[in-house]
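What follows is a structure written as structure tokens; I'll ask about it next.
Chains: A, B and C, in written order; residue numbering restarts at 1 for each.
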């Protein structure tokens, strides 16, 4: 097993408040990881640290890129994305004025392979690259079952489809590791089942490592191979779904101290 | 040195006027996040109102000042109710374009009726000048200082001690929470415009008397400068507006005295850009962050 | 590639553009368009270039600039000064290129620090920069200060200007329909999401800003060589607002809307010429009403597209 992401002593303070403190974590290539914890436990802050939205107060985040370890903590989000880390957002952030297809195309821009001059002069490079981008984008949309809706405005999609479009868009950034922030939020049980199958399929097809934050325990227990539990910004447990289900710290974190 | 002190006095009087205008910008921006482009024009209306009541009604200084403040305060509330209120939920750029539109309407309506001629004032203040050692202070400069200080104290009392002042602070901190606490957000915003515009009206009268001139477009540049002062002090901060106003006034006066009067406006914009680059929140500003 | 360039839509466009060009040219030659109407048409053309380039910055990329007149001034003075020394087309070309270089550098200097700012702060910063440019022009010897430049040769002809307009529109539309253009639209929609999808937001904002500035400079250069005289007061904040009004009225984000609005407002201005003061009041009131009742502009983000028209017709035929 190859180590892909290593987090050492990661902390983030907002003023005097420690939203995340002293987290250590190792994630191997190809794993499906769940990140759980009560509301306000620091899960999204942790994601934001890893994806560059926030700068860590302390600690290291190392990503293995082309066999070499690289410190990514504090880099700008677009840099981190170009090193192979893509994400979705808990509060859906699709591009409102764009169609479904354009949303996906946008994420491929770093692989467009042509510059602004080719774009202005419409060289053959531009036409070839645009054709490739279109084909590829359609492929990603087919994966999440949105190909037929490609020309609709992204914001006109129903909620569950918007979540899947976020996944397609993140996929189009061609990541090695994918972060999904509450991908099943607002979905009905049938949609959640489909999502579970989809995530597993994408992991296998694109050789992805996937980390997801989720409140739907059946999805997490069913899908994830390893689970990390955060509470009050600290990592309180980690292990397989069975281990987590029987961990007393986790149970007390969720149900309150007196249990 | 003597000349420097003299320029400092001149700078402080100009700065006091900027400070009064800057207060309106800072309060309005603090509460609805809008650069009220028309604020400089409210100041212009203040200067014209003073011209009318002193020339045609023969009012003395204090009654005229009061009338200016009332007229401009009402104008500010009207502007808010008619042009900005429908846009409270709109993107900031939409509101900003509206503000530019309002500014055009006020400027050119005034020009339409008053023409471009410069209006001058009757002598309602003595032309006495006091000699304080090496520097001289004119009567009007003393008036500017006193009015500014009195209005600043009044404003601080209103904001800190009264119910409506608390409401203003609550709405600017969190509009929705304020609403849930039973504060009428609409009335609070209107009140903010009332106070800010009244201060601009006072400033307009003072500047009209100081330079003995009122023109329809006189509010544009000082309006922008006062905004720069507000940014310099930290937008949303009342002491910031005072410090920023004085600083801009002094800087501008010194550039005219020791550099070239041609660059008097350029220095203000240069200060603005430097502040925005180095510390966009200004001297007393607070940081805000978008939630992801 | 040849197939894509010579597509049916592109051919129809070229035909229409050529026809428009020839009709106006013939009418000018025949004297049916007199010099008064000619200056209106030329003004409209300058405004089209200015509006599409500002739309690129404001409408597409969402960076609210109030300093477009500053870049126009740079182009105008560069060309004005150079053509006074070299009064021929070579001189004009040199002047235009110098204008490009200076405005691109100025745009870089302005944009790199200020584009970090959001919305309204950026607006004020760009306004400040444009004013600084104007004040510098007002105080320099080479520009003849506040008195302005006079006796600039009239080198801007209809074919030249028309060509510049077409190029500007093509540059802007091509940019919008490319990966860098999509990046700009994404920044406008949601900067945080764009950055998370790998868009270097600063780079693309600067790119849009620089392209917009260069085109504004082009408009300025041609402007200078049409009206003989230049004076710093032609490039105040009001000029920037005039351009903004066109963009906002047409619809932010739509290039065709900017073109149509430039023409409509140009004709309206010709008619309102006799009441200058009233014109500004109407402008202001229209801005307010527009923002309250139709903030997306008359045409919104709608684009005139022959390609879509052909596609729709084909679909209809297939169905029939």
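Note that in this section a residue touches a chain if its C-beta (ideal position, glycine included) is under 8 Å from a C-beta of that chain, and two chains touch if they have at least 3 such contacts.
Source: prediction; values computed, not measured.
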Taking each chain's centre as the mean of its C-alpha atoms, which one ends up farthest from the centre of subunit C? A
In terms of Cα-based centroids, which chain occupies the most central position? C
Distance from the mean Cα position of subunit B to that of subunit A, given in whole angstrom: 49
Here the gap between subunit B and subunit C, centre to centre from mean Cα coordinates and rounded to Å, is 34
Between subunit A and subunit C, what's the gap in Å when you average each chain's C-alpha atoms? 40
In subunit A, residues with contacts to at least two other chains: 53, 89
Which parts of subunit B, given as residue numbers and ranges, touch two or more other chains? 292
Shared-interface residues of subunit C (touching two or more other chains) are 192
With touch defined as at the start, can you tell me which subunit B residues reach subunit C in the complex? 33-35, 83, 86-87, 90-98, 100-109, 111-112, 220, 224, 227-228, 231, 260, 262-263, 265-266, 269-270, 272-273, 276-277, 280, 290, 292
With touch defined as at the start, can you tell me which subunit C residues reach subunit B in the complex? 62, 64, 113-114, 116-117, 119-121, 123-125, 127-129, 131-132, 135-136, 138-139, 192, 237, 241, 244, 248, 277-278, 280-281, 283-288, 290-292, 295
Seen from subunit C, its contact residues with subunit A in the complex are 1, 4-5, 171, 174-175, 178-183, 185-186, 188-190, 192-201, 207, 211, 253, 301
Given the complex with subunit C, which residues does subunit A contribute to the contact? 51-53, 76-78, 81-82, 86-87, 89, 93-98, 102, 105-110, 112, 114-116, 118-124, 126-127, 129-130, 133, 169-170, 173
